[in-house]
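These notes concern the structure reproduced below.
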Amino acid sequence: MTFSGPTRALLRLFTALVLLFVYAPLALVVLNSFNTSRTFEWPPPGLTTRWWSAALESDGARNAIVVSLEVALIATAIALVLGTMAALALQRFRFFGRDTVSLLIILPIALPGVVTGIALANAFLTMFGIQLGMLTLVVSHATFCIVTVFNNAIARLRRLGGNLEEASMDLGAGTFRTFWSVTLPMMRSALLAGGLLSFALSFDEIIVTTFTAGQGIQTLPIWIYQNLFRPNQAPVVNVVAAALIVLSVVPIWISQKLAGTDESVAAAR
Amino acid sequence: MLWLGVLYLGSLAALFITSLWSVDAFGGNIERIWNLDNYRDLFTIEVYRTITVRTLLIAALVTVIDALLAFPIALYMAKVASPRLQRILVIAVLTPLWASYLVKAYAWRGMFASGGPLDSVGISPGYGLAATVLTLSYLWLPYMILPMYAGLERLPSSLIEASADLGAGTGTTMRRVVLPVLFPAAVAGSIFTFSLTLGDYIAVKIVGGANQMLGNVVYDSFLTGNNLPFAAAVATIPVAAMLVYLAAVRRTGALDSL
Amino acid sequence: MRRTTMARVATGAVLALALVGCGTSSGDDDGGGGGGNTGSEEQGGFTAPDIPMAESLGDNEGSLSVLAWPGYAEDGSTDKSVDWVTPFEKETGCQVEVKYFGTSDEAVSLMKSGQYDVVSASGDASLRLIAGGDVAPVNTDLIDNYADVWPFLKDRDWNSVGGQMYGVPHGYGANLLMYNTDVVDPAPTSWSAVFDDAGTYSGKVTAYDSPIYIADAALYLMNTQPDLGIKDPYALDADQLAAAVDLLKAQRDNVGEYWSDYLKETQAFKTGDSVVGTTWQVIANLAQSEGAKVEAFLPDEGSTGWSDTWMVSSKTEHPNCAYAWMNHIISPEANAAVAEWFGEAPANEKACDLTSKGFCESYHAGDEAYAEKIHYWTTPIEQCLDGRTDVTCTTYQDWTQAWTEIKG
C-alpha cells in the first residue's frame, strides 16, 4: 500500500478523466466515419457504411500506406544502426565534447519540425543538388528517428554497465563477437522499443515530410492532407484514420509482449 | 555521428547563412548579398514581436497543461495500477499517436464548432487561441505522459511506503519523494511539448480562428512567398528559444531522461 | 484542391521573365537591368522564340508524360469513378505517366527539363513557358474539339501571342461572395459586405487565407477609391498596397477565421461560425447540398479568379500523343469530368451537355459577360503589370509579408 485510499481514488478518477479527454475526439473520428454528412455535421443526420466501402476500394490510400510503411521501415532501419553505434560510442569511450554530441543527437527532435524541414530541404536542393524524392525523405526521417533509438539504447547501456562485456573479453571473445553474443541480446528489447517509436514517429510525420518529399511521393499523412480537403474524400480519410487506430493496437501489443512487463518502461518511450 | 554532424548541423548552418541573404525582385532567386535586412524587419516590424510572444505563451501554456494532465495518470499508471492494468494503460496512451495528427485536429474542429458536441453542452470556447492551446495540449499529451511514467516507474515503491511509515502525509510524500523524481521527467517531456508547439502551423489553421503562429510565418514565407532567406530568419527565433531552454534545463538532468 | 488553388497563386512566379523574354540571368545582376523598361515590351510587344508548330499528325508514339495540377489528370487512384486517363489510354494507345506539381514555379522548372510532353499551366506560368521557349505553338486545326471551346477563352493574353495560340483552354472559375441567407439581411450586393460593412457581422466574416487575397481588396479599392489610381489589382505600387493593407487590417477585426480549404469553409458556413465571405462555386454548391442556407454570387464590381491552359512541350518526342491528349482533355466527356471533379467551369461548350444537371448554369460556364468580370490571378511583380513605368510595383514577397502583418 503506497498511497492512502482517498489519494488512490482521486488518482483513479483523474486517470479516467484524462482518458476520456484522450478518447472523446477519437470516438468522434470513428463516429464520423459512419456519418452520412460529408462535412461531419453534428449530431450526425444519419449513419452509413458507404465511406468504409469507398475506402476499401481507394488505390490512393492503399498506395500511400505502402509508401509510408516503406519510408518508416527504411528510416527505422537506418536509425537502429546509427543510433546503436552512437550509443555504444558515447557509452564506451569518454572523449572531449561527449555532452555536446549527445545534445547534438537530440537536436533534430528538440528543434521544431518546420525548422528541420526547411533546413534539410534547403541543404538537399542547394548544397547537394539532389531533387526531392524518396531518398531525401528517408534521410530526413532517419535524422530525427535516430534520437529515439539512441535514447533507449543508451539508457539500457547505462543500466547494464560493462561487466558482462569485460567478462566476455576476458574469456577471449573479440570485440565483434562480444557485441554480437553479449551486448546485442541485452539491448534487444530497448532497441525494439526505440525502433517502434521511431516507426510511429515516421509513419505520422507530416511537417518535415511536406518540405522534403517533393511532389511525387505521397505518404499517408500527405495523402490525408490532400484528401481531407476534398469534400467527397474527407469521410474516407476518417475511415482510414479509424482503421489505423484499431490496427495500431497490434504492433504495440506485440512489442509489449516481446518486451515483457519490465521493459514496458522502455517501450513507452 | 558524421551523418548528424554534417547533414543536420550543416543544414542548420546553411539555413542561418541563407537568412543573411535576400531574394531578388523577380522573386524566388536568392541573391547572395550579405545583409541584415531580414533581421531588421523581424525586429522592427511589430507584428513579428506579437506573433513571437503569442507563440511562446501558447507553448508555455500547452506545456503546463500537459504536465498537470499527465501527472495524475502517470502516477496512477506507475504506482497504483496492477501490472496488467499498467500494460493496458500504456497501450491506451500510445494508441492515439497512431491516429493521424490531421484527423485528430479536425476532430477537435468538430468538437469546438457552433452546435458541436462541446457547444451543445455549453462549454465550447469557439475557434481561437483557447481552442488552439487545448488542441495542441491534446496532440502532445502522450509525449508528456510517457517520460513521466517512465521516471516514476523507476522510483521504488518502497520509498513511498517508507515515507508513509515515517509519518509523512500524502502531501509531504508527494513533495519530498515523488516530485524530485518527477521534475526531470517533466522537463524531458516539456522539451517535446514546447518544441512541437513552436513548430506547429497546422493546428492553429484548423482551430485557431484568424490567428497565426511562428510556424505559419515560416511556412508562408518559404512555400507561399518563395522567400527562403526571410523564412530562415524567422526560423532562428524558435531555434534560439529552444537552445536557451535546453541550456537552462541541462543541469536538471532532464536530457538524460529524455 | 486546396493545395492546387493555394499553390496556383502561391508562387514567386515571375511573369516579368516572360514579359521581358530573357532568362533568369537577368535576376543575377542588379535585378533592374534586365527588366527595367518592361512597359514597352509587355504583352504583344514581346516576340516569342521561333518554335516550329506541328503541321500534321502521324501515328501515336505509345507513351505520354503529363505534368498537371493535382486533380487535373485523375486515373482512378483517388476514386474509382473519377478517371479520364484510362479511357484515353485505351482509345489512343498512349500510356500516360502523370506527375503533379505544387506551384507554378515548380511547373516551369520541370518543363525546362524537357521530360514532360504536356503541362496544365496557369496564368502565372503560361507566358513564362512561352517566352522561355519551353512550349510550342499549338496548331489548333489539328485538335477537333478546339472548335467547341468558348470563343471568349481563345486568343487571350495569357494563352496566345500575336493571335497564335500556345495551348488549349481548359477551365476557369471566379471567387464569389457567399452569405448565409438566414442571417445576412438584406442580401449583400457588393464586396462592401466583407469590407466597409464587415462590422455588421463581426466575428463571422471569412476570407481566403492567402496573400493573393490582397488583390480582392485592391479590386474593391479600384471601384470605391478611384483616387488611388489602381488599374489592375495585381499591379500595386507601395502606396496602393498600403491602402489595401489598411482595408484588410480593418477587415481583420471582424474576421472569425480565414479559410484555405473547402472542408473548413463548408463546415464554418454549415455551423454558422461564418456567415459572409469569399468562396468558390464548388464550395457554395457543396454547402447547399449539405443543407446550409447559403447563396453565392459574383458582385457587379467584378472579382478575382483563375484560368488554365494545356500546353505542349517544345522538346516533346511524343507530339502525336500530346495532341491526342489535348484533344482528349477538352473533349466533352473529359472536360465535363474534370470540371465537375475540380469544381470549375469547363472550356468546352459541349461539356455542358454531359455534366450533371444545372452544373454549367451554377458555374456560369459560357456566360461571357460573367467571365469578363473576372480578373484572373497573376503573380505581382516589380514591373507594373498595368504598364506604368514611372513606379516600381510591389512583388509577391511584399504581399506575403503584408499578409502576415494583416493577420497580426
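Just so it is clear, A, B and C label the chains in written order, and each chain counts residues from 1 on its own.
Going forward, a residue touches a chain if its C-beta (ideal position, glycine included) is under 8 Å from a C-beta of that chain, and two chains touch if they have at least 3 such contacts.
Predicted, not measured: the structure shown is a model, and the values here were computed from it.
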Far-end chain from subunit B, centres as C-alpha averages: C
Chain pair whose interface holds the most contacting C-beta pairs: A-B
Separation of subunit B from subunit C, taking each centre as the mean of its C-alpha atoms, in whole Å: 37
Rounded Å distance between subunit A and subunit B, as computed from the means of their C-alpha atoms: 16
Between subunit A and subunit C, centroid-to-centroid distance (C-alpha), Å: 39
Numbers and ranges of subunit A residues touching at least 2 other chains: 40, 225, 228
Subunit C: positions in contact with at least two other chains: 263-264, 267
Per-residue overlap in subunit B, given as positions that touch at least 2 other chains: 106, 110, 113, 115-116
Subunit C - residues contacting subunit A, complex: 1-3, 70, 76-80, 99-102, 106, 261-264, 266-267, 270, 282, 286, 290-291
Residues on subunit B engaged by subunit A in the complex (per definition of touch): 1, 3-5, 7-12, 14-15, 18, 69-70, 72-73, 75-77, 79-80, 83, 86-87, 89-104, 106-108, 110-111, 113, 115-117, 120, 138, 141, 146-147, 149-150, 153-154, 157, 160-161, 164, 170, 173, 191-192, 195-196, 198-202, 215, 218-219, 222, 228, 231-232, 235, 238-239, 242, 246, 250, 255, 258
Residues of subunit C defined as touching subunit B within the complex: 6, 10-14, 16-17, 24, 26-28, 31-32, 35, 103, 105, 209-211, 252, 255-258, 260, 263-264, 267, 271-273, 379, 381-382, 392, 395-397, 399-401, 403-405, 407-408
Sites on subunit A touched by subunit B in the complex: 1-4, 7-8, 10-12, 14-15, 18-19, 21-26, 28-29, 32, 40, 42, 82, 85-86, 89, 101-116, 118-120, 122-123, 126-127, 139, 142-143, 146-147, 151, 200, 203-204, 206-207, 211, 220-221, 224-225, 228, 237-238, 240-241, 244-245, 247-249, 252-253, 256, 261, 264-269
Complex contact set, residues of subunit A against subunit C: 37-41, 54, 57-60, 63, 215-216, 225-234
